[in-house]
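Handing you this structure, nothing more for now.
Labels for the chains are A, B, C, D and E, by order of writing; each one numbers its residues from 1.
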Amino acid sequence: MPRTEGTYKAQSERAAGTTTGQRPAAKRQRTKMVAPPNDYLVPERDALLTPVLECRHLGIDFGGLHAVEDLNLMVGKTEIAGLIGPNGAGKTTVFNLLTKVYQPTRGTILLDGQDTAGMDTARVSREGIARTFQNIRLFDSLSVEDNVKIGLHNQVSCGMWSGIFRMPRYWLSEKEFHDKALELLDVFHMADNATDIAGSLPYGAQRRLEIVRALATNPKLLLLDEPAAGMNPVETEELMDNIVRVRDRFQIAVLLIEHDMDLVMGICEGIVVLNFGRLIAKGTPEEIQANPQVVEAYLGKQD
Amino acid sequence: MMERLKGLSTPSRDNLVTYALVFAAWAVMQSLASAHAISSSMVGLLVPITAYVSLAISLNLVVGISGELSLGHAGFMSVGAFTGLVVAQILAPSVASGPLRLLVSMLAAGGVAALAGLVVGVPVMRLQGDYLAIVTLAFGEIIKNLLNNLYVGFDGGLHLSMTNVASLGMSGGKVLINGPQGAVGIEKLSSFMAGMLLVLFTLLVVTNLVNSRSGRAIMAVRDNRIAAESVGIDTTKYRLMAFVVAAALAGMAGALYAMNFSSIVPKKFDFNTSILILVFVVLGGMGNIRGGIISAALLTVLPEKLRFIGDFRMLIYAVVLISVMLFSNNAQVRMTLDGIRTRLARKDDDEALADGERGGGAHA
Amino acid sequence: MGLLTNLINGISLGSVYAIIALGYTMVYGIAKMLNFAHGDVIMVGGYICFIAMNNVGLPPVVAVLLSIVGCTCLGIVVERLAYKPLREAPSLAVLITAIGVSYFLQNTALLVWGADPKAFRSVIDSPSIKLFNGQLTVSPVSIVTVLACVAIMVGLTLFTSRTKMGKAMRACSEDKGAAQLMGINVNTTISMVFAIGSGLAAIAGVLLCSTYPTLMPTTGSLPGIKAFTAAVIGGIGSIPGAALGGVLLGIIEIFAKAYIGTQLADAIVFAVLIVVLLIRPAGLLGKEIHEKV
Amino acid sequence: DSSAGGGSASAGDTFMIGGIGPVTGAAAIYGSATKYGAQVAVDEVNAAGAVKMELNWQDDEHDPEKSVNAYNTLKDWGMQILVGTTTTTPCVAVSTETNADRIFQLTPSASSVNVLGGEEIGADSPRKDNVFQMCFTDPNQGTASAQYISQQKLGTKIAVIYNNADAYSTGIYQKFVEEAGALELEIVSTQTFTDDQTDFSVQVGDAKDKGADLLFLPIYYTPASLILSEAKKQGYAPRFFGVDGMDGILTLEGFDTELAEGVMLLTPFVATAEDEATQAFNEAYKAASGSNENPNQFAADAYDCVKALAQAIETAGITPDMATDAMCDALIAQFTDPGFSYAGLTGESSWSVTGEVTKTPKGMVIEGGVYMPLDA
Amino acid sequence: MAMLKVADLNVYYGSIHAVKGVSFEVEEGEIVTLIGANGAGKSTTLNTVAGLLKLRTGSIEFEGESLVGIPAHKMIAKGIALCPEGRRVFQDLTVRDNLDMGAFTRSDDEVVEMRKVVYERFPRLRERRRQRAGTLSGGEQQMLAMGRALMGRPKLMMLDEPSMGLAPILVQEIFDIVKVLNEMGTTVLLVEQNARMALSIADRAYVLETGRVVTMGTGAELLQDDEVRKAYLGG
């Protein structure tokens, strides 16, 4: 039986062959990767900058299960990195460790050079990690705009008393909230939906809103957990553009988990592969696709 | 100012309707009462209604807005009630003006209740869902139990005891709080006017809080705690904020309530009273402040209006309660209501659109 | 000797709480609702037994059985009429309805059986057992209560973990839709839960009234709340937890009364609840379920 | 049904009597008893013909708020005189209202001094001159009990269990302790409880451990029945001594009267008394309440309230068409008249300006399931 | 005669008209797939057939018998199983108990036998049989959901996006299982986002758009259809 696309086409080919033609080919040019002094891998342009994320010997146990074990990972300042691996490999768990939903059993997490030990989820967010969730978690009963305003919570200040007694501070802050929220929504062409209730949005729009909300926290690193899940190929294409656009515009790093190889191989610069909580491979999309271990554990033989 | 009005979002417009409703009710009742056009029974209910309405609004902040099930709201009411009584008595010799004394005692009541809210809230906020509910219930009972053992006397100086009146060591003076027998001989300082002012104040605090940065954070935690944390919101802080503000407001309502009767016992503020307030909130629609106000007023009047059926009164009340819950949650009814609401909303939208166009035209 | 007496009294009181708590936990664990009317079903159970023994003159065993049957039917009827229509409704709506049912049962009892308290004659009519020259007395009701408590706990544990029906109940508690897809009749299953819970309430009612022989329309309220507290201390939803919580609560209550003061006993009981929950947020034997992110 | 009030007052030949007491909730027994007791008396008065009365009884759930609501409802109905309220805490709130509105109030059973008000009797509020009691004020019973126990040498080591959430019980207890001190009675154990408590193992156990030979129970009969059964369970058999609230214990449905064998109490009313008035009242009460149970002291007090009012109305020549405040003043004058006394089911009563009643309690002992006079 | 015949189905959520007159048929032994964008009404259709949702108008017939008004819990006895969207495994039960629930109406012997079959298909489930289902990873849960539906030995198996969130190697496997199932005699009604894969194994397919069937044909036809390629298969 023929595999979806045979092999994952190289970016240039895909760009050329596309029927939509709206994808700016330039944005998807392959990045040249260089190895820093240690054996990490970051894009060449980020090589001299502090990596936005560095994990050393990271690990967590659930009971007897080593869900993540001795994970070393580095994400460059403006890299789009991929984290892939079989179901249950521990990918989401890595995100949960980075965002301190779980406290790691072992190891260190450096965010922009700063050790995040002892921080909680909210603190990590303020320090610059934002995320989306495998199963969408919006503020369902609130409007789209409010969802983004909540994302902006730490970007605009206004205390409880100013709010209750409507001090001048309140009016200023509300204006700022409104303007910033609409500006962000505009990036994803969602400004028209500002007053819709988040829970009533179509699925794809909910996924986009989650990304907007994450961006609103002004992150250095954006974690996306299966952003294309449940999307059809057309929608996925659009998502890929958006991710690249966001990276370019905000100059942030993106680490994403995805099972859709079109997306992963299409936009990720560096990829790490987990299996049974351990790193089994890292490299460029081409290297990963050629890695027999990855093919056996994850990609499957393509005939 | 015009700019601001135009920028009003739907919730703010909604709030204006609520304020208008409250003012209208006030005007109508006040003029009817002063014209002696309503029954004594109704006049007697006015202050309790304002107290219950305030309580419903403040509990809505916890249950509807913050999404925590609290079964101990009456506890804060009771802290406020007894604080208010004591302060009013202490002030009696020095402050002649009744309304001023009421105001000061209500503020004190709010302050002490807020403190109680903080003491209760800090540990409680480590829990979630039904566990939080049971702990608030427990705190309500503990507060009742402690007040059942509290003896306070005033003879120029304040005397406190946790055993009995004798151990107060009073020289003359007056026992203000007599353990489980509560307080008697309370001066009736409360009035309908004071009650309405409290309702408006409570409404102002709650609606303004909800429509602010803090309020959005509170609702974010309600809708999805993990997501709220992930965008950097200190979830404990905002849950606690809702809880403490509500406790303070409940305390003020408690003081108003207590100073409407010449005797009050701690037992009044038990689990059943907490439930009563919760019923107002749920029946009015959780998070729906206006609904809560209306249901608090109606449900306070209902048992009184049912007096003519004698012994079956409370039975009928129970049946009404169950029927309303079944009816308002019936799928068919829901659908019809939804339909009406969408139709109304569409009309609203159309109007807004028209407004917008007009506004746009003006700018052009 | 005082200590031992208090301990025995505590266990006796605690076992009554435990049986009520088992009913609570059962209904909460499966139907996910705080059934505040549970205490009032206990009261009805007490009245049925009382009427059967005193007015009809039936032997105690028959009266107890009648009371169990009566309450089981009551539980099923109440569930059908008041709770079933609210399957899809928010849990608070169900809570308020349960409170309505509680008022309804109390006021019906008031109209049917009057306001005068009844003096309940113990269903176990044998004299207290005297030990150490009568310094220590143990009432036979206490012994029966403790035994009943253990039997019910073991029975329920086996039922929910071993039997198909028991597992089906747990499946329903989580996802009614998915359970239906498995071929489980959700309505029957939930009726069954209420039937069991209410049957237990009848037993609890009879034993409660036998231990503390007074019966009035409000008899079930306070024990209901205490037992609910016990269920939470033990970890609500956990069957052994309910039993443990009940017994602990009884002992704590009696000891607090005896050694600290009768006035503060309730405050202490509730304070213990809070302390337990702060240390173990899901109760003593409750499983802490972390939402998987 | 008399409770189906709410309509407006009928023409001016009838006295509009309001009644308030709990007929639902945990205290419903007391309210129901007073309600039916009062109804029996009203029917009798109307049958006699000299005075015409209409009774409207309202529920207050033993809650001050509901009680004031009930009061306002009655005012709307046209109430001229209030018989109530049954329980103390609500009565304090309602008596403040009647005092302000100048409506005469006679309570059957709210026994605390704060109901009446007045410095001289130790209340925390000024005297409400329109309020009178039919029952003893709490302090009197405490004193009388201590004196009786001491005179008759009923016990040497005394234990007390009282309800400290209850003004009635606490009031009696306090006076009892005072008087017991003066009479050098030794109190070895004092235990308290609050409403809703059903477990008395600790309280009884303490009395037992301290070796008390007399257990004084200044409480109502429902908790008393639980204490008696707990004592039996613990194999503890002291002498039990109660007050008027204990009356009713024999009427408790299902109660094993053997438990009460030898219990002594001071009470102004016993339903099993042989006299004609009591017997007639028993029958009428059963008919009115539709139950088989004998009336208790609450019912008798309420009955006496109405009958005393009727007598006062007749004596003072008060007419139903008088304004309520004038009626109130006339009734105050009549009740405080030193020459006025009323002989009813609960004995010969007269009132002082403080609003307190003076009557003599009878000492009773339960033998073979019936009351026997103690002094006989 | 068609095994499943849905005609003019209309389903509402409150006032939202989610499925607007959908008609389709599934012949015995076929694999039929419904594809369409998010919110097209695919899940709603399956849930209605399974009895979880009430239809407003229209008819559903299974083996010549109307399914309208038959409660969801009776479907499994008729031979219809639905493996719902979003897995919906019983979080608090163990993997094994979850599987057992799938054969709730079957005898104990059959349960044991089917469990063996499922474990063979999904060795990972055997490995994790004592773990609480709630702590399984997304993919593991999907395997469990399918295994659980298999336990009832249905004649018609309805699968709602079984490949969602699965690793490529498993996507392949899931579709292989679907084919094997089908070869063993189970009729399959498949809803998929992965239209390419779905069409490649389907005998016939229907394309849904905003609650309506807009195109139908054999899997191979639709794979070649320009409109379909542009809208659902990507570049």
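We take it that contacts are C-beta pairs under 8 Å (C-beta built on N, C-alpha and C of every residue); 3 or more make two chains touch, one makes a residue touch a chain.
Model, not experiment: these values are computed from the prediction.
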In contact with chain B as well as chain E, sorted by label, we have A, C
Any chain touching chain C and chain E at once appears in the list A, B
For the pair chain A and chain C, the C-alpha centroid-to-centroid distance in angstrom is 50
So, in whole Å, the Cα centroid of chain A is separated from that of chain D by 77
So, in whole Å, the Cα centroid of chain A is separated from that of chain B by 44
Chain-centre distance (mean CA atoms) for chain B and chain D, in whole Å, is 37
Multi-chain touching residues of chain B, meaning two or more other chains, are 148, 226, 311, 314
Contacts with two or more other chains occur in chain A at residues 92, 101, 133-134
Touching two or more other chains in chain D are residues 23-24, 164, 194
Chains touch in the following pairs A-B, A-C, A-E, B-C, B-D, B-E, C-D, C-E
Note: in the complex, chain D contacts chain B through residues 1, 3-6, 23-24, 58-59, 61, 63-66, 68-73, 75-76, 89-90, 92-93, 96, 112, 114, 117, 123-125, 164-167, 170, 194-195
Residue positions on chain A within touch of chain E in the complex are 1-4, 14, 17-20, 62, 84-89, 92, 134-135, 202-204, 226, 229-237, 259, 261-262, 297-300
The answer for chain B against chain E in the complex is residues 334-335, 338-339, 342
Interface with chain C, chain E side, in the complex: residues 50-52, 71-77, 81-82, 84, 88-93, 97, 100-102, 104-105, 134-135, 148-149, 152
Touching chain C in the complex, chain D uses residues 23-26, 28-29, 31-32, 164, 191-194, 196-199, 201-203, 205-206, 209, 222, 225-226, 229, 232-235, 251-256, 291, 293
